[in-house]
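What follows is a set of structures to go through.
Both complexes below contain chain A, partnered by chain B and then by chain C.
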Partner chain A sequence: MPMNENNEFKPLIVAFCCNWCSYAGADLAGSSRLTYPENVKIIRVPCSGRVNPMFILRAFERGADGVIICGCHPGDCHYSTGNYYARRRMALLFSMLEYMGIENGRTRVEWCSAAEGAKFSKTMNEFCEKIASLGENVRLGDLRCKN
Partner chain B sequence: MQELKNRLIQLISDGTVARVIGWKKGDMPYNPEPACFSTVEELEDFVYDGFCGANLSKMMIEVANLEGKTAVCLKPCDTYSFNQLIREHRVNRENAYIIGVGCRGKLDIEKARKAGIKGIEAIEGVGIEGEGDVTFKTIYGDKAMAYSELLLDRCHVCKGKDHMVYDEVIGESKDTADSDRFDDVKKIEAMSSAEKFAYFQNELSKCIRCNACRNVCPACSCRKCVFDNTKFDSQQRANVDSFEEKMFHIIRAFHVAGRCTDCGECSRVCPQGIPLHLFNRKFIKDIDDFYGEFQAGKDPEAQSPLTDFTFEDLEPKQAVGRGEN
Partner chain C sequence: MQRIGVFVCHCGSNIAATVDVKKVVELVRYEQGVVYADDYMYMCSEAGQQKVMEAIKEHNLTGLVICSCSPRMHEATFRACAAKAGLNPFMVEIANIREHCSWIHKDMEEATKKAVILARAAIAKVNLNTPLQEGESPVVKRALVIGGGIAGIQTALDIANAGYPVDIVEKEPSIGGRMSQLDKTFPTLDCSSCILTPKMVEVAQHPNIKIYSYSEVEKVGGFVGNFEVDIRKKARSVNEDKCTGCGVCQTKCPLGKTGKIPSEFNRGLGTRSAIYTPFAQAVPNVPVIDRENCTYFKTGKCGVCAKLCPSGCIDYEQQDQIVTEKYGAIVVATGFDIINLDKYDEYAYNTCPDVITSLELERLMNAAGPTGGHLLRMSDGKAPKDIVFIQCVGSRCADDRGKPYCSKVCCMYTAKHAMLIKDHWPEMNVTVFYIDVRTPGKNFDEFYRRAVEQYHVNYIKGQVGKVMPQADGSLIVQGSDLLDGKQIKMKADMVVLAAAVEPNKDARKIASMLTASIDNNDFLTEAHAKLRPVESPTAGIFLSGMSQGPKDIPETVSQAGAAAVKVIGLLAKDKLKTNPCTAKCDMFQCNGCSTCANVCPYGAISYEDTLVRGPGVNETRRIAKVNTALCQGCGACTSACPSGAMDLQGFSNLQIISEVDAICR
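On to the complex of A and B.
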């Protein structure tokens, strides 16, 4: 389990950020000197609609403790409708993960525009705290154990 | 059954159809197998009884481009799958001659085994016209069980006995539904997170990755499946990486979400008895709750909920924790 210098759990977080809004939002957060935890690993995607539910499961399998998907606000998608499809898919996936007994809150969707650097930083800080309180992701890794 | 068999013989001999997809006698009285018949002589082995649970609609993909028409026997629930395949342009409606066959529920031999019946030599009372109990002639003597006690779980939550698509209907149907199909899902939803996890971990740990659920599923008909390996030869078969291993069932359920007609074949064929339909039904229940009631395969023109949206759809965070408020 990765720990920080104070011997506290340091979660690994994967953020899928849409190129047109939240990725630029992260940039703005940086240039405005707003901080967000360094254990958030950003993966740039062309649109939140590009995020296949398998990406999220794969991230967990590879050791992520939380996954957050950031896209344009509904109505503002660069490709007009991509985030609407993403919204349906993620609603169903999150509900399924809950149904299988994965803790609520390990996954999240946040709409964050290119102008919302402050929101990006705040969201990431909040999400990081939430995951730190949930602890390491064990369940999704152990869904099938040979016993 | 004789009426159905005669009609099939007639269809083949007068050249209306080039082949028939149906069931033939298996090596035991309780395991008839799907088969393709192209001559009258072959049809001698045709059988249709309570153990013909297999959904034949997926076989129609293979014959979609063959010359001549293909007759296929579809039970009411199978016609939903066929409609869904029409929607996905995988089968050719013009090339198909659909015989809607009557159904009074299909049987599960495991139920008889659980009741201690073994050494079965013959079974009586499983015909589609029959009434009353099923009699097992075993090497230990005769044993009787009620037809309804032997039904597959899926038949207790039957969608209805109307054929969604057909050219003709042969045989009577009898309603078997006696419970709500979301009861099992609701039971799991009511558990605590730790209980849910323990339940699914226990069930999924039984999986031997035989792929039977994928191979039988009419919705799992992609030409190239994500679970097929790109490597050559024998490597292709021994392909379980840990990701597939752990996530197979979530991924498969998600791939068929919005397209699954809830035919229940996945659970029927699972050699380990994993209740795989619980995943599909959860998606169906959520789709009904979030986006309005939708039954895949009811209308071949209907838009699938996952390739559609409205501006007012609920947010993913509203989809979880509903039980807690």
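On to the complex of A and C.
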């Protein structure tokens, strides 16, 4: 279990951000110097609709403690409808993950526009806190890959 | 096996202050596929790019990872750089270690660790990159401007003068927008109509410009260079081709004399007939029948306009018409309105007719306005003696009643109003309650000082808490003087509110049709706040005027010109390079189930009977086929495909999974 020098649990969080809204929102959080923990690692995807459930399962399998999917606000998708598909798909996936023992708090879908740097940072801070409170993901974690 | 070069940028101290760049270089050097790793102070500089190009040639690199700022900033730069050195531009990946790392983290050790992980993810991705070829698509050499205010007019004129056809879609019966409602303009006190109407006429007469007035954009399809737009021409009930604009119908309309229909153009202060043009200089000068109020449409009786029209152009049967046009570029110039003041009860705007907005004051002071340019109280028709202006009503507002931003134009137009009033009616007393007076513009501060020093306008720094209508028809304004630290109670005959500006109500709807980004205040977002201020992140969509943010007329005109230049630059090209990151179907996996075609927003997927030959198969099957000219690379099909046959080039399943693995390593 990864700990920092104060023996606090440092969760590993994977964030999938769509290129048009949330990735740009994360950029704005950066240029506005709005901090969030280092444990959030962002993967750029063209659209939240591109996020295949397989990617999320893979992340949990490889030891991620939380996965967040960020897209454009409903109605604002650069590709018109991608985030609607993502919303439905994730609702299904999350309920399945819960069934498998991965608590609902470990997964989240958030809408964040290119202008919402502050929201991006706030969301990531909240999510990190939540995951830290849930502790390490052991259910799907492939222990060979985690040290 | 790839031969990858990793280049880590210091970005001056932007990255290097929080990330140990040298350590990143050392730690990624032994990643799979990496044959070269180096750092440089400014990777994007000419010398930095030279370094990259030399390394590509010297080490026969097949892939590049640049650890620098956001790919939204410099991905294009480094792709072009790779192409110059003979490397396929799509073999370049950016690890964003500035916006997503150095700028938001403080702890150097942790930030360096994160930078290494981000670099590793990019390296893992590049290992699976394949060279991609950009396609080409033709450009429709015609532009659409949504909104016919000064922003839209100027953009359309500039594009049209460069020789390209432009259509303006304006939802009101006439072009002209807010500027046509203004009386004078700051800081020169030019008459607004006098400088606007010649431009309106120029638009109407320009051989390259077509105006769709009383029309709205209904549907937008396609993409940059090839938009297909449905325009709804609302039924005017008047034949536009036959009408001569003689105005007989308007003067004879029986409802005109009843004074029951408020004139939108006069902000409800005056009235109009049921068949009307918003104002005398309307372009086109063709009236519209307001079907909601017209007696003929309500009861089937009347028909006076049809009987009296000398050219027989009244057409009660006219229907809305949908026109479909193709455009290469679209400019959003939807403009602004002022906020609804329902939430500001303390100013008694809704209860007292002598509390008005600044835009209403413009109409009251205009010679063509409801009072013929005489400044009169709406309650009793008398001239006011004491006028109080209240600034920042809904602007710079901390709570959700108003807007967080500065509306930018109010300080200046209030100084203008104060001066004009003192000029015409020196006996009137003018007081302005302000929070700050903001005058950052050419000749702006000089203008404001004239109001104070030459015209002796009483400026009080402080906010107004309450406006109380009195039984005798006057008003008491209660506020504070922050400089004296005193409470003030002041009698007034008229109160003018500088209500905050907000984007047009339709901005969000239009942005959504165009898939253009929009912020929480409904202003359209620029592609880059500083370097691409007139472009939307959505290719082919450009921004002009207040739809992008508060600005005054000179700024709007310059921005309109800038948007026009960008449009002209696009229309001047015969072909555009298309994004090669399109979906691709693996015929061995596909079973022709149609799921992908159902989720594709662009209709890019069709099915063809294809001969599938491979190990263990030799048969003709129904296989999905992607039209790469239509595919925009969203990847909706890839996650929907039940058999995993669809994949997205540039963001393939394996690439993303390899990134996940690298991060979770």
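Just so we're on the same page, the second predicted complex is superposed on the first by the 141 of 147 C-alpha atoms of A that agree within 3 Å, B and C clash if a C-alpha of one lies under 4 Å from a C-alpha of the other, contacts with A are read in each partner's own complex, and residues count from 1 in each chain.
One rule holds for everything that comes next: contacts are C-beta pairs under 8 Å (C-beta built on N, C-alpha and C of every residue); 3 or more make two chains touch, one makes a residue touch a chain.
Predicted model only: the values in this text are computed from it and were never measured.
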Check whether A:R58 is in contact with chain B, with chain C, with both or with neither, and answer first, second, both or neither. both
When the two structures are overlaid on chain A, which partner does A:R139 contact: first (chain B), second (chain C), both, or neither? first
Just to be sure I read the superposition right, which of the two partners does A:Y99 touch: chain B = first, chain C = second, or both, or neither? first
Once the shared chain is lined up, is A:I131 touching chain B (first), chain C (second), both, or neither of them? neither
Chain touching more of chain A, residue-wise (chain B, chain C): C
State whether A:R50 touches chain B only (first), chain C only (second), both chains, or neither. second
Mind working out whether A:V109 is in touch with chain B, chain C, both or neither, as first, second, both or neither? first
Is A:R89 contacted by the first partner chain B, the second partner chain C, both or neither? both
Between chain B (first) and chain C (second), which, if any, makes contact with A:I68: first, second, both or neither? neither
Footprint intersection on chain A (chain B / chain C) at 53-54, 58, 75, 81, 85, 89, 145-146
Using the touch definition up top, name the residues of chain B that touch chain A in the complex. 185, 188-189, 191, 193-201, 204-205, 207, 226, 242-243, 245-247, 250-251, 253-254, 257, 279, 282-283, 286-287, 290-291, 305-311, 313-321
Residues of chain A that touch chain C when the two form their complex: 12, 14, 19-21, 23-24, 26-27, 29-31, 33-36, 38, 41-47, 49-55, 58-59, 62-64, 72, 75-82, 85, 89, 113-116, 121, 145-146
For a test of understanding, state which residues of chain A touch chain B in their complex under the given definition. 53-54, 57-58, 61, 74-75, 81, 84-85, 87-104, 107-109, 139-147
For the chain C and chain A complex, residues of the former touching the latter: 70-73, 96, 98-101, 103-107, 110-111, 113-114, 117-118, 121, 508, 511-512, 515, 517-520, 525, 537-538, 581, 599, 601, 632-636, 638-640, 648, 651, 653, 656-657, 659-661, 663-665
